[in-house]
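Okay, so chain A shows up in both of these, paired with chain B first and chain C after.
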Partner chain A sequence: MPKIIIDAVEYEVEAGQNLIQAAASVGITIPHYCYHPGLSVSGNCRMCLVEVKGPRGVMAQIACSTPATEGLEVMVNTDTVKKMRQGVMEFLLLNHPIDCPICDQAGECGLQDYYMDYGLYTNRSTVPKVKKNKVVDVGPLVMLDQERCILCSRCVRFCDEVTHSNELVIAGRGEKCRIQTFPGKQLDNPYSANVVDICPVGALTSKDFRFKKRVWFLSTAKSVCTGCSKGCNIYLDHEKGQVYRYRPRHNAAVNDYWICDEGRLSYKVLNENCLQEALIHGEAHPYSTVLERAQAAIAHTLEKHGKVAIGALASPHASLEDNFVLQDLLGQVLGPDQVWGPAHQELGSSDDFLRQADKTPNRAGLAFLGISTDPEATQKQLANPELKLLIILENNCEEAAFDQLLQTHRPTLIYLGSKQNRLAQKADYTLPITNHAEQYGSYVNSEQRLQKVYRALLPSGDAQPGWQALLSLLKPQLKATPSYSDVEDVWGQLREKIPALKGLSFYELPEDGLSLLPTETEVLVAEEVGNV
Partner chain B sequence: MKEVQVKKIPREKLNFWEETYLLPIFQGMSLTLKHLLKNISNTEQMPVLDYPLEKKTMPPGYRGKHRLTQRDDGTVKCVACMMCATVCPALCIHIEAAEHENPAIEKFPQVFDIDLLRCVYCGYCVEACPCDAIRMDSGVYTIFASKREDFVVHKEQLLNMQAQYPETARPKQGMPPLPNP
Partner chain C sequence: MAPKVKILSNYFGIDQAWTYDFYTGHGGYETAKKVLVEKQPDEVTAEVKASGLRGRGGAGFPAGMKWSFLAKPEGVPRYLTVNADESEPGTFKDRAILEWDPHMLIEGILIASYALGVHQAFVYIRGEFHLPEVHLSQAVEEAYAKGVIGEKCLGTDYKLDIVVHRGAGAYICGEETALLESLEGKRGYPRLKPPFPAVSGLFGCPTIINNVETIANVPWILANGGAAYAALGTEKSPGTRLFSISGHVNKPGVYEEELGIPLMTLINENGGGVRGGKKLKAVIPGGSSTPVLTPTECETITMDYEALAAAGTMFGSAGIIVMDEDTSMVEVIVNLLHFYAHESCGQCSPCREGTGWLHRTMKQLLKGQGTADDVEKILDIANQMEGRTVCPLAAAATMPTRSYLTKFRSEFEALLPKLAGV
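The block that comes next holds the complex of A and B.
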């Protein structure tokens, strides 16, 4: 580990970093625009200029392309450095329209931020500003304003290096230099909206978020995208019970700095069609009434037809906690074989970068709990005419198999879901549960990574977390009733019953998730044990 | 402890007539009567307004009911930047932004409501506006309605308000230049 000296203080930093990264790792921010940790170094904005001591004396050098090597001595806060930053800011703003009142970036803009620290505050320019194109429609999700661009080339590098689709280019020379798409091309790759996040200014803005909200009104929660089984880490921005956008959250093991456009827009389902009331045959009734009647239906079926007449469908959309409580409590009532996985696959487009074909966030979580995820096995169970009562957790069930089930032997359906969908309407008893933005919970992604989501919103209407609703539903049948009042209580059971989660607690799960795959040492130990 | 210096003022001694209080009462009553007679014989001069038939003109700088200023073509000058809604201590400004068909304008408020029942007439919104789009120079201080909802004034109403004084009479506004750091 090399030692470097920043402003006369010695720090030990990781090898192989550049100066911006090394300084950041010890809590020193070096202002920068064109450098982005997920892209190659281009070194064109000059904002990161610092003074470096070299054999020929103290020289100005850009931090983004200076490797942090042993004995490097830099000054990041001298008057000269500040003056250089001020000069760069003045140059970048020379033709800038200063549209802040209409610019969606205002509030999270690199120009605004650094201007507060290094602005010149007096205008020395005597010539009119250069005009370029505004409101340029570059793609289905992205709006470009050429005047606001500082030509840092982050967006161009993203399209070259990350998506390899090369839609964007810097055209023209001198003051006519501008970002545009190649003639006849659109910025329409499946990851296109990431350029909005990486653009340090308001040149590339999101069409979907356009003018919806000023960013300083938004609160943020750490969450996980539920658009597919990749489980990209996100920030969920919301205000007054409404979700406004997803932004990628860095996780080197899953999504790096990016998310796909489909997932980015999947926040919309959180604002639509939320199930708020308990229903009986599609009609709203008080929660307690529905709960009592559903409990009575279970008791009646148990008494009349026995344990084999009841089954339950776990859900790849619900959290690990919900599925665990379903499996655990129902297992106590009926025995272990009556909880089945989903009856169908939900497949969509995929690629070799982030998007997965499986569009459910927690199928691996079911497998982890030992619930079969083979749709055919479940369908066979559902076709059994002995089945008299079916408890279904969070499902959209638009499938033919289900219709058939409803038409043939029509078991009593108890549905616990968060959406006003067809199943909520058709089920005999429907209880509202919270969605992933309204609860603490965890999901297992396709790479066996356990990731947690934080609660962002208050539950809509009467909705309760799934594990809580399940507990109240099954309470009359249980010999010893567990007292869950918090997700951590559920984790108390999870820790106890699942060896892989031993010693873990929900609130202490790392922010970037926890791999459930055996570590290399564990694999080696297992092999050793096997050999012996 | 330091001694406190106290200056003693001796009480004035009242004479016999003063002690009866009869004369001072008469003196006071005659003063009242004098003003009464003067006023009812000369109502023109009374410093009282015949409100609501007559209304007072407020001095420049008085913070009255808000108005939205217009561009030269009569459209709203506001660009829905939400500075006013952000700074408003009463949280009484509600704005919904929309796309303007002219790319040079780009953004305008589709909805601009002010709840005058909540407003505390602090004038922060006027100060915060970067576009001089909202002003409180209408001079209107009579805010009335028969229903709560009618106290919420909308964009059209705000746009149709007139300034009380011509532009030139307005005190010069705007931020002083920031100091060079």
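The block that comes next holds the complex of A and C.
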């Protein structure tokens, strides 16, 4: 590991980093605009200029293209460096409209942030500003203001290097430079809105988010996108029970710095049609009433038709905890064979980058719990006329299989869901449960990575976490009632019953998830054992 | 006085001098033939090194040394790129070579390529150079047809292709790495260095980039020996150079002289003196990017790298612009700043915004709408730009700005609004 000297202090840093990364790793921030760890180094903003001691004396050099190699000696806080940053800030703001009061980026703007530290606080310009285009409709999700742009080229590099779709260019020369699309072309790719996140200023704003909310009102929770089985890591920004946007959260093992547009906009379902009340045949009733009658229905079916007459559907939309509790408790009541996987696939568009065809976030979690994810097997179970009562956990299912089921032998349906959907309306008893923004929980993505979400919102209405609702529902049938009061208690059971999770707890799960695939060593050991 | 040696300009101005027949009729390609048959590539480089030939594009880096830096990894092609994107205001000497003696350049490319182990050379020619491009392309075609270049250069087993590529009109593409980007079909942005082109240049392969005039010197050096070339000029600035003289002189044009010639000799004898018998006011010695010289400085200065550096300016491209006593220095710098603001590629913030800011502030000052602190402010902006960018274009704009402001400050201050009561 190379040793470098920053402001006369020696640090040991990891090899192969540039100076910005190396300094950041020891807690020193070198201001920058054009540098982005997920993109190539272009070195154009000149904000990261620092002084580097070299054979020819002290030279001004940009940190982003300076490798942190053994013996590197830099000064990042001298008067000269501050003056250089001040100079760059002055140039960047020279033709900038300074329209913060009406700019959506205000509050999370690189220009504002660094101006606090390196602003000149006086305007020396006596000449008119350069005029460029505003409110340029560059794509279905993105709006461009060329005057606010500092031409850092992050967005151009994103389209060149990440999506390889090359929609954006810098046209013109000198101060007439501007970002634009090729004539007649739009910034329309499945990842287009990432340019809004990486834009350090207010030049590229999200059409979906602009003018909706000042960012300083927003609270942020670490979460995972539930739009598909990729499980991209996100920040979930919300205020007063409403979710305003998803932003990608860096996870090198999953989504790097990006998320797809489809996933980004999937936050909308959290604000729409939330099931808040318990229902009987679609009519709202007090929670306790519905719960009691659903319990009675279960008791009645058990008594009259026996265990085989009851089944339950686990859900690839629900968390690992919910599914585990469903499997665990129903296993105690009915035996292990009565919990089935989803009766259908939910497929959509996919590519070789992030978007997965399977649009459910936790199908791999069901498999991990040992619940079959073969839809045909489940359909066979549902077609059995002996089935008298069906408990369905969180299901977005709207399609034919259920219609058929309802028309033929019509078992009693107890539905635990978070959405006001058709199933909630048609079920005999419906109990509201929380969605992934309203609870702590974990999901297993298509790459067998267990990732956790934090609760961002308070549950709406009477909704309870799925595991809690299940516990209440099945309580009368259980010999020994487990005392779950929070997700950590559920994990107490999880780590006891699932060997792969031995020794783990929810709060100790790493922020960037945990791979459930065997490590290289484990594979080698397994092979060795196999050979012996 | 020893007879004047002409290396490059022997056939300038002669009809049909650009043809193969004329060139071979005057001993053309004899040197290349000899070199390809008799010399080892390293010997060629050694000869160029011995000549002390310095790059004629502007920076004056020793050509032989540059060649020796070329990385030679196995299995990777190497390229020679000739920079014919001559766009520095006041400079038009490469144009003369391309127009009158393109075969001399081709012979130079052939020898240089042989020395470097290059099998594909590119000439990046300024898009506005129509006639030079026609002559050069004709010459390349002739050279292919006559077997000078191609699969078997001059009957040997050495293979060389030459591609002539026209630029699309950008000053910045004369910067060597922007030139490479442009040649690769990309936007002409200078690259971050390192890596240097000699290691990773065109299409990521080791590349040598030389100016037209530099390469055109190579046949003479190989014919007459490096020592003969080094004997010309001064110790540190050997050889001859093509001086482009323009501005307020009686006979503007391209003149070949040994380095170390006094500037006033060039102006008075080659250039025929200041036009209309006027007094000299200022001289730009090496293209518009170099700091200006006052008449007093011009009196004694000689045209070589050392003397010009000692005077705080640069030899640059040897484009001499002469200005007489009637010239407004403010108008000159406004004109130059307009050029640099227009030609800044826009990549780096200080240059993109700074060149435009300087230009507009200076223009305002010229109109008499300046403010009292404009001169100081302009100097400060210039300081904030220089040395803070990827390429030297910002410096090319700020160096002259600073020199005009300091050497002719009173002219600028005279345009500032008078303070009331003073």
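Throughout what follows, the second predicted complex is superposed on the first by the 532 of 532 C-alpha atoms of A that agree within 3 Å, B and C clash if a C-alpha of one lies under 4 Å from a C-alpha of the other, contacts with A are read in each partner's own complex, and residues count from 1 in each chain.
The rule we apply is simple: a residue touches a chain if its C-beta (ideal position, glycine included) is under 8 Å from a C-beta of that chain, and two chains touch if they have at least 3 such contacts.
These numbers were taken from a predicted model, which means no experiment stands behind them.
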item: Joint occupancy of chain A by chain B and chain C, clash or fit; value: fit
item: Following superposition on chain A: angle at chain A, chain B versus chain C, Cα, nearest 10°; value: 90
item: Which of chain B and chain C A:Ser125 touches, first, second, both or neither; value: second
item: Touching partner for A:Gly87 - first (chain B), second (chain C), both, neither; value: second
item: Touched partner set for A:Lys240, first chain B, second chain C, both or neither; value: neither
item: Partner chain in contact with A:Phe211 - chain B first, chain C second, else both or neither; value: first
item: Chain C versus chain B, contacts on chain A by residue; value: C
item: Partner chain in contact with A:Arg56 - chain B first, chain C second, else both or neither; value: neither
item: Which superposed partner A:Lys479 touches (first chain B, second chain C, both, neither); value: neither
item: Smallest separation of CA atoms, chain C relative to chain B, angstrom; value: 16
item: Overlap of the chain B and chain C footprints on chain A, listed as residue numbers; value: none
item: Touching residues (chain side chain B, partner chain A) in the complex; value: 79-83, 86, 97-99, 103-104, 106-107, 130-131, 177-181
item: Footprint of chain B on chain A - complex, ascending; value: 99-102, 106, 119-122, 134-135, 210-212, 214, 216-217
item: Footprint of chain C on chain A - complex, ascending; value: 41-47, 49, 60, 62, 65, 83-84, 87-88, 90-92, 94-95, 124-128, 130, 150-151, 169-170, 172-177
item: Of chain C, residues touching chain A in the complex; value: 170, 172, 187, 192, 341-350, 352-357, 360-361, 364, 370-371, 374, 377, 384-385, 387-390
